[in-house]
Every structure is written in structure tokens, then in C-alpha cells.
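Each of the next two complexes has subunit A plus one other chain: subunit B in the first, subunit C in the second.
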Partner chain A sequence: MNSIRKIFTSNMSVMSTLCAVAISLLLAILLLWFSGAPPIETGKLLLEGSLGNATRLSDTSMVWVPLALASASLIITFAAGLWNIGVEGQIIVGAIFASFVAREFDAPPPLLWGAMIMAGGFGGMFWGGLTGLLRIKGKVNEIFGGLGLTFVATGLVIYLVIGPWKRAGIASTSGTAPFDTKAWFPTIMELRISPLAIFLALAGLWLVYYLLKQSKFGLQLRATGINATAASRLGVRTERNLMLAFLLGGILAGIAGTVQVGAIHHKLVPSISGGYGYLAILVVLLGNYKSFRSGLISFFFAMIAVGSIQWQLRLDLHSSLGGVTQGILVLVTLIVVAIFSQIKRNKRIKDAS
Partner chain B sequence: MHPETIATIIAASSPLVFAVLGETLTEKVGVVNLSLDGSMLLAAMTGFAVAFVTGSVELGFLAAALISSLVALVIVFTSIELRLNQIAIGLILTLLGTKLAAFLGQDFVRQVGPSVQAQAIPYLKDIPYLGEIFFNHNLVVYASLLSIVVVYLFLFHTRHGLELQSSGERPEAAFAKGIPVNRLRYIYTALGGALVGIGGAAFSLDVKLGWSEGHIANFGWIALAIVIFGGWHPVRAALGCYIFGALQIIALRLQPELPGLSQVLPILPFPIMILTLVAVNHPFIRKIGLRSSVIGKIVRSDPPAGLGRPFWRE
Partner chain C sequence: MFRNILKSKKLLFIIVPIFVFAGFACSSDSADSDKDALTFGMILVGPRDDRGWSQAHFEGGQYIEEKLGATMITIDKVNPADSPNVTVPQIVDDMIDQGAQLIFATSDDMKDGILEAAANHPDVPMIWSSGDSAWTEGKDYRSDLKNLGNVMGQMEYGKMIAGCAAALQSDTGKISFLGPLINDETRRLVNSAYLGAKHCWTEIAGKDASSLSFEVVWIGFWFQIPGVTLDPTQVVNEFFDSGSDVVISGIDTPEAIVRAEQIAAGGETVWAVPYDYENACDLGESVCLGVPFFNWGPSYLEIAKSVNDDDFEATWTWAAPNWDDLEDTDDGAIGFKKGAGLTDDNAKHLDKFISSLEDNDINLWTGPLNYQDGSVFLKDGEEASDLQIWYTSTLLEGIDGASSAD
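Right, the complex of A and B next:
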């Protein structure tokens, strides 16, 4: 899988990326138009619906947090040349571990939050580590190992919600009983925005940036991702690096799960992962595996996710339209960028001959 | 086992058989179409919608095959012409296909539409035991059984099949011998995609009637896993489908007695498949495989050497 980094050619300029994004945005708008969404109205509703007032801005931020953390998780494993599709499952297991602490332990709030974050991170790390073991020791491709473990995690969360952790008297898939308010991450006033969660997301993105750009570990990890055989001949312990990437990615995903239960739902629900693990794949592909860009794109995608609720309410458009828009943006951008670099390559070949 | 149970398993597994055979063809020629979970949903929706509007099940299957083939062509086109990564594009198309199916299919949710009619084969159906198992189904199920044989014979016993395999195993060598590697990759990826689409429509028009959002979510991933489980061999892959189908039927039958089990069983096949992959790749099993050619043939599961590796004539 060492061709991951070749999706974009290394000399791709910011200009051509922006150009590609512009073209794909235009196409998305045209497509929205075709499906019955007047472009200006749609755009206005998207902005208003996601940033229009303090409530909406805080909602968007709280979609951004888990998405940014899941993206950070994917950037680490992508750097090692891995397709860590199991992030979704790692989010779920992180949420389960954090819920366990929230339900079973009693401590002063800051301590409890800390314990939840650590437990969530550990849960994600455990699940990521299992995928890593399957890949490294069992030779099972991480796409299938990760997906399989995601299915298991989904089964586990449903089992817990309707089984041992069911609400007193009723077993319903709507979730466990809410946690004690001590386990709720603090928010600004009555809004849903939680500074602690925002801090965790920023810290996660920064950590990934720092590790990949500034540390020896990052250099070795990227060397492993580009050419594992060569890296290993040069003395890089590739298996250890791959495993560390899985564990680190798992921690970040697990913390995303912690935020989902601690700051957003305040209980464990079957759909706790919110599909952020899968959406993050789109984010990171569009963000060219870079932390800062992926952080920004996560926010844009969060805007689409929250803002498109207004399309549903005001324009009577289907709820899946936000997801369609996100998918088309990424697909078209990648294709346009590839066309640009193909043109450049042809020119180079011509010049050379 | 009761013949009726076996017949049920064969019928219930038929959509997966199409999808798995299609993906096996695609991967044998060296292309990974990872979009199955999205393209099958899109095909299931398209197949049902077209059949619903036109009243013709045949047109439904045709439309499903076309749309899924189109998705597959996006992957092979962007890989060969634009040098984009097949896995990346496949994943994007998975997510996009899922959302697109939900969006485009919104008017057809929970509608009652046409379905494939049962068609027992006269005389053959009266053969004791076997008649009940194989000849008391509908055309879709017969076609799924026939496809296994056809794909097997085509892959291993025709010149075209050997050319297909060499394009997936050693594209450079195949090209040097005059085989148009990339053209074959286009053709068989499109053909494989069409089979995947037929699998999708076989769900919405036969096995799991109708359409709703996420109608057959996760079946695409299961199909992809069965391709690996099947060691890129059509017969073994089909067997994988039937094992999976049997597990599902068992889960359904046990549900009244063990209600807790019903929550766990639907996800069980996937972990089982992964454990099988671990076992098959285990050095111990490999060693046995090397010693005995029969066991070796059964457990061997190496992917085509050129799988996912694009080939460009520089």
C-alpha cells in the first residue's frame, strides 16, 4: 500500500488544489440545483444553519470535535501506509470504556473527566491494537480486520444498551440511562459547546502534526509508509512502527468516542460513533493527509452536516443530500487534481524529448 | 440436513454469489473494486425503482447491472488514466453510493413493487432430494448457480480466462506477450461490476424485497471479505457465500429459543471469516498446505500478485 502518498503528486501546488476545490464546489452547486435546491437559498441556509447564531455555531463545533479527532487518527495511520478503516469501531469502543467509567465510578468532576478520557483512549487503543495484531501477526489486511472489529464493536454496544446497561425496567435501543451530571463535560453557559472537547481536538491535531513533522518517530513512520522494505533495511523497526501507529490512532479515535458520550449524548447509544470514522476518510483524502488542512475541512464538513438540517426543514430536501455533497466534493476534487498533474506530466515528457 | 433448508440457503445466498463472483473476476484481473457496499446499495435501489416504474423485473436487473458497472468503471478509469489510488476512490464511492442511493431512492421507500416469480423446472424438480434443492427456485437462483460454473470454466479453462489471470498476476509479462492488459482491466472490471449490480437487484427484487435506506448495508463488505475467504477462486468463494447464508438461516431459526443470540449472530460471520483468514495465513497451516497438494489447494489464499497495482506503459 505504499502508493497512498502518490494519490497527489508531491509537487502539487496550492493553486491547483484551490482550483480543483472551486470546480468541485461549482459542480456540487449545479447538482444541488438539479435536485431541486435553489443555489443561493441553499448556500444561505447552509451558512445560517451552521454558523447563524451561538447555538448553531456550538452545534457545528461539537460535530467538528469528533470528526477532527477521527481525522487525526487516520492521518497517523495513513502516514504509515495503512488503510485504518476500523476507526469507526475504535470510536465505539472508546465510548464504551468512557461510559463504563462514567457509570461505575464516583469522583469529583475534573478527576472523573480525566478518568473518562483515559479510559476512552485506552479502549480505542485496545481496538486499534487488535487490528494491528491481526495485520502484523495474522497477516489480515487492516481494511478487513478493522471492519470486522467495527462489526464486533457495533454488536457489543447494542448488546450493552439492551442488555446489562439497559435502563431500569425498559430495554430500548434509544440508549442507556443518562450519566450522573458529574460525568458531563462542562459547557459554556447553556450551549452545547465544551471547551474541554475543543481542546482535545486541537491537541490531537497538533500532536499528529508534531509527531509527523518534527519527531524522529514520524520520520521513521513515513519511511515505513513509503517503502517498508527499504526502511527496514535501513534499520527502522517497521513492525513496531506500524503497531505504534495503530495504537496512537486508536487513542485518538477512542477520545473521539469519549467526547461523544461525555460532551454530546451523556449516555451510550447504539449509533454512538455517528459515522465519523467513515466521514473522516473523506476529510483526510481531501486534506491531503495534512493535519492543519484536515482540521479546516473537518470544520467545513461539520458545517455541511449541521447546516444541511436546514435544507431538510426549510426546503424539504432529503437528509442524505449533505452526505452526497461531501462525497461529490471529494471525488471531483481528487479527479480534477489528478487531471492537472497528468497534464503537467505530459508536458514534462514532451519537454524532455 | 433437510433438502428444504438447503434450498432456502441456496436461494438466500444467490445475491451474494453474484457479487462475490463479480468481485473475484475484477480482482483476478488486478483491480480492487472496494465500492461494493455502496454500489450494491445503489444497484438494489436502481433495480427496484426501474422495475417499480416500468413494471418489468428484467429492466430492473439491466439498470442495476449498468449503474454498478458504471461505478466500477470510475475506479478503473481513474486508476489507469489518472493514476489515482483504487482503494481511495473505492472508499469514496462506497460512501457516495450509500448516500446517493438514499437520496435518489427516497420516493421508493417501502413501496410494494414487482418481484421475480418462482419457476420450478418441470421433470427435474421431481428428482428425489436434488430436485428440491436445485430445481425448485426462480430464474435468478438458477442463474446464480450457473454463474459459478461459467466463471470457473471461463477463468481456468479458456484462453481468455488465462489472459485475464496473467493481467492480474504479472501485468508487465502479460503485456510483453501482447496481451492488452489495461483493456482487459476495463472489460473485466465493468463485467464484474455488472455482476455486483445483479447481486444488488437480486436483493431488492427477490431475496429482500423492496427498498429502504440502508436496505442491504454491510452486505458489500461481507462480499469483499468472502472474496478473500474464497482465495480468489470462484467455487470456493461461492461456498463461502453458502456458509454465510447457512449461518444466517441458523440464526433465524434459533431466534425464538435464544433471543439474546439474535443480537450477536448477525455480526458473527465477519469475525469467523477473519479468524479463518488468520488460520489460513498461519505458518503451521501453510506448512501442511505445502506438504499435501490437496490441502494446499484448499487453504491456499494468495491474492493475484498484481492486485491493486496499476500498470502503465511508460
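Right, the complex of A and C next:
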């Protein structure tokens, strides 16, 4: 895993990323062709289905928001050298906290939205902080701590949905009753797009960019990520920085959960995280741990998620092909990038000799 | 050299796909449906080939295509676990964009989504199967949604027959019910299966009611979602391990019959009654006592015709079986196919029971019946109304298992 990361961070240019994505997209379409999908029609439907009109663009944007926020969360912890796999659980806990506010409090909508965002951010921060405590104080690797806490979060959301927050007379894992419409994030032009959610995603990506590129904290965090021992000897408070990375990452993931309940589902469902925490790992890997690139790649993945519905509706293709395409894209991109990196390395060696 | 090639080609890698896709995206929309033929959307909660609930709906849609020359647009696995990024209103928008003039949302789980979609498109007829939003006397009547109707088959009869078959064939008198989630629909179907089992255990087999055990375990959803629901195969194992010899399935998928067949192959005497899909017994013929199934085609065809004729009305329909032939797929909303596992004698007894239901000689929803906690549901001789049956608030006395999440 570290070698893959090294390849990306040291050698991968914007151009090679784009080339890799373009090649892998073509290969993915070819593979879809072999499974019975006409390649040109498939590509066309992907574009039409995700960007073809205002409604579809708005739906794609709303898939982009939680994925971009989860990616932003991961970038900040990756910078500290942490594999924060537990972001999935942090999304869930953020959604639970935001749902609590939506269900239990009555206030004018703007106040309610603000309270939901704060509660969701706090929930994610709390869960991220637990992973951080396990890592820093308990010496439990964050991968295992994060995964364990994600299982706990999943258990908690199922308990709430089928238990205390169940619909009257019903015991089903299909979700709670919808929130009062006051708690629904506002949308525009009869579309499902929520400017507030878009703002949160853009702000999250910008915040991560600013912190890592423009702030002393970011410098210290990256120093901690590259070599914690050396950073510590230079006076950097590494444990504090690691904890802050977990807390900040948790806030962003928690806000992603808030968007899921406040702007998309309008209720709490067991699978509220939508798998974005895991998908974001691939996004960030492809985005070379950069905010802007990860934001773009998140949008591309959102296009596949929304646009691939058309493959089933129009071409009668199997419903899982969207996910298969995402998997192919990641796999092929990794291979292509690795080949590019090797070519560059060979060239450098040749030039040097 | 390779670098030079890369330099010259890499722009192509980016530019060519963009132009190809942009060119096609800007081209005119490919309206692929014949303007005169009906186009309708079918939204399925599970896979279209699940050998259960979703396949029954899918084949109901194919029935419309065959009889009316209509075109079906299908999307399956629409549930938060399989399709977390997809919502029902989003799908309805896409289907209408594609020319759908009628939408079927075929799961209780789609309630919130189809109510929202119906409000968004008041001019497009829609059906929420199994729902009650168009029932003027119902608890959740939505008078504002003039375009959203409901259809449900009278599966209570199918479950009574299933319960009877289970009781007739059981040696141990321990019958188990593999339940999905708990709501009005599932409570009334479990109650119906119990009433059928109790009647045939006491009145036909002549055994004492106290020697009959009827247990239900709920998995938490209409089908298994790994990590979220109980594993139905594991639940079936536990049923048989605890002494049950018949499992009646109430979930969308056929784990009960598949597992029973495997256990029977190991030498044990067990039976199963699958659910939903007319050919579900094919998955375990030797252990199958029969299958109560939904026959959506005729009801859906009537609705499609009404849309074609421009006289669609958003009504609530609780459609009856075709008692003359419970296996007739051209008539009746539900049916029952006897399985090869049922003995000849029991098959004859079951036929008599079915005849009694048909002739109204017996009405199992007649008092005295108590709720699970012992309080009175129906007084002696009192017959339950449609409202009482549809919205039965708890399981009946005699059934072991949860009536709600409390």
C-alpha cells in the first residue's frame, strides 16, 4: 500500500492522472461492450444521464457532495500519514446526530439546518476522536480502530431505526419516518440540488486545501506524516497534530452524513453512509491526495453513479454494471499510473547515466 | 522514444473521448418508443430474477407487454442497500423523461418515494403496489394524490392455504414462519397463516389446539441485507434445529425452500412453503408443500388499459383470487400451486379446505379471536371487517414472536 502511495505522491502528474483516467474509461467501455453494451451508446447515456438536463445535473451534484466531503476528510488524515478507514463510521454517526436534531427540535428552518450541521460535524468529530484516542493513547492502528468503530456505528444506526426511532407499529430496517419538512435542506428551481450542501462541499475542499498548503498546521501535519520522529525532534507536537487531523477529518465526514439525511434521504436509513467512506479512499488515491483533483474525480464518480442508471433503463443492462465500471476505472488507472511512473523512472535513470 | 509517443498521443487520450461523448450528448434524444404504444415504468425492490416478489412483478409487467403490445422500462434492486445513490423520485423523473405514461412502484419500502414522485407529477398515473394511500377509509389516505392508486392481492387466502398445508403435513406440530419486517401487511399475513394452520390442525387433522406451536422470527427487511438483517438461511437452520418440520416463508426471496431441500437431502424430514412467485417450488420440489403466489398480470393489465383509454382512476384495489382455478394466470390476483411434497391424502384435504373458503362455508377471521396479549380482538361470532384485517395491530393469541419492535 505504501509503495502505491509513494508512486502517486512522488511521480504522478496531473497529465498522467488524466491520461490514466481517459485510458481506463475507454477500457471500461470496451469491457462493457463485451458484456453486451454498445460502447458509444453507453458513453452517451452516461453523459446524458448525469449531465443531460438540469434535473440530472442536480442529482449528480448531490451525489458529489457527500463523496467530496468524505474525500476531503480522508485527505487531511492521509496528510498526517493515517489510513483513516473509519470515515464510513464517522459519516454514519454524523447522520445520527443530525437526525437527532431534526427529529427532536423545532426551530425556524435556517436555525434547524445550522444545528443539524453542527450536530453532524460534532458526531463525526466524536467518532473520529475515538479512533484518534485508540491510535495515540492505545496504540491501536487506525485501520483496525476505524473499522471496529464503523461496525459499532452500523449496529447503532440499525438499533435506532428498528428500535427507538422506528415508525409507529412498524419494525423495519427500511428507515425512520421522514423528518418534518422544516429539516429538509432547501433546494432551488424544483430540483433536488441544495445550494447549502454544495457550499458545504466546496468549503470542505477549500478548507483542506488551505490548511495543508497555506497554514503552519498543514506544514507540521505533512511533516508528521512523512516522518513523525524527525518532526517531533524538530519541535512539532506530533500527537496533537494527529489528534487534530482525526478531529477535523471527523467533522468533514460528519457533515457528509448530515447532508445525506438533511438533503438527500430526509430520514435515517441503515445504509445512510452510501459506501462513500470506502469509495472516497479510491477517489483520494486517484486524486493524489489533492483537494481539487479529488473534487473533480468525485464528480466523475458521481456521474457514473447517476448516469449508469440509464444503462439499465435504456439498454436493459444489469444494475451492477455501474459499480463494476467504477471498480474497473480504479484498477486500470492504478495500473496505467504505475506504468507511467516506471517509464519516468527508467527515463531518469537513463538520463543520469 | 516512448516519451515522444506519449507526448504526441496523450492529448488524444483526453480529447478524443471528450469529443466523442460530447458529440453524442449534443445529438438529438433517441426516442425509442412507439408513440401509439403504452410505455410504463416498473420499479422493483429486488432483482428481477429473485424467484420471489420482484420476479412476480416483473412477469406481471411482461404480461402487459404481451397482451397490450406495451413497452416496459424496468429498474431493479431499488433499495437503500443495493442502490444508495438512487431515490424513487429520481427514477420516476428518468422514466417519465423516457416516455413512461404509467409507473408501478412495487414495494412497501417505496412509500415515501412514490408519494413524493406522485406529488411531483400529478398528471402521470402511478401505482404503489401493496399500499393504502388511495383507500378512502384507510389510515393513510392521501386525498391530494389523484394520480396514485394501489393494488394488492388478497394473499390472506393464500396464507391460510399455506398454513393449512403446513399443519396437515407436520408431524411435530411445530410450524415456523420466516417473517420479513413487522408492519400491518406482514402481521395480517402471519395471522392468516396461523388461522389456516389452526383450523386444519384441529378441524381436519382432529388434533388438540394446544399441541400446535406456531412461531415467527422477523429478519428485519423484505430480504437479506448482509450486516443489517438476520440471515434467513441461518434462521431456517434454527427453526429446523429447534424441532420445526415445516417453514412457511414470508420474505421476498426463496432461502427457506432452498435450505429445506438441502437439509432434506441430508436425510431429515422437513418441508417448506415458499412465497410470492408461482414457480418457487422448482427450487426444491420434493420438500415443497405448495406456494401461495401473486399474479400481478391481470390487475396490472386492467390498469394499463385504463391509462390507454384515458380513464385511469386512482383507486385502492384488494383483488380476489380466481377460486375456479387458483393456477390460472389470466385471472385472479393471487393463486396457490400445490407442491410435490404434499401427500395425496393431504392434497385432498387441502382441496376441501380451499372449497370451503371459496364457498364461504368458513370465515377464519371470525371470533372468538384474541390478540397476542390475551385481549379480545373479535367477540364470539363477530366477523372482522376489511379495516380490522388490514390494520390488525398485533399478532393473534397462539403465535410466538414479536408483534412490533417493543
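The definition used in the following text is that the second predicted complex is superposed on the first by the 340 of 353 C-alpha atoms of A that agree within 3 Å, B and C clash if a C-alpha of one lies under 4 Å from a C-alpha of the other, contacts with A are read in each partner's own complex, and residues count from 1 in each chain.
Heads up, the rule we're going with is that contacts are C-beta pairs under 8 Å (C-beta built on N, C-alpha and C of every residue); 3 or more make two chains touch, one makes a residue touch a chain.
The structure presented is a predicted model; accordingly, all values stated were derived computationally and were not measured.
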| query | Is A:K44 in contact with subunit B, with subunit C, with both, or with neither (first, second, both, neither)? | reply | second
So in the superposed three-chain picture, is A:V140 touching just subunit B, just subunit C, both, or none of them (first/second/both/neither)? first
Of the two partners subunit B and subunit C, more of subunit A gets touched by chain C
Touched partner set for A:T154, first subunit B, second subunit C, both or neither
both
Subject >> First (subunit B), second (subunit C), both or neither touched by A:L313 >> reply: second
Note: overlapping subunit A surface for subunit B and subunit C spans 154, 158, 162-163, 319
Within their complex, subunit B touches subunit A through residues 34, 78, 81-85, 87-89, 91-93, 95-96, 98-100, 102-103, 106, 213, 218, 221, 224-225, 228, 260, 263-264, 266-267, 270-271, 273-274, 277-278, 281-282, 309
Subunit A partner, complex, touching residues on subunit C are 2-3, 6, 10, 13-14, 17, 20-22, 24-25, 27, 29, 32, 47, 73-77, 79-87, 89-91, 93-95, 97-98, 108-109, 112, 120, 181-184, 218, 220-221, 225, 227-229, 393, 402, 404-405
The residues of subunit A that touch subunit C in their complex are 15, 18-19, 22-23, 25-26, 40, 43-44, 46-49, 51-53, 55-56, 59, 63, 154, 158, 162-163, 166, 169-175, 178, 190, 192, 264-267, 269-275, 302, 305-306, 309-310, 312-314, 316, 319, 340, 343, 347
The subunit A residues in contact with subunit B across the complex are 1, 3-4, 6-7, 35, 83, 85, 134, 138-141, 143-145, 147-148, 151-152, 154-155, 158-159, 162-163, 278-279, 281-282, 285, 318-321, 323-324, 326-328, 330-331, 334-335, 338-339, 341-342
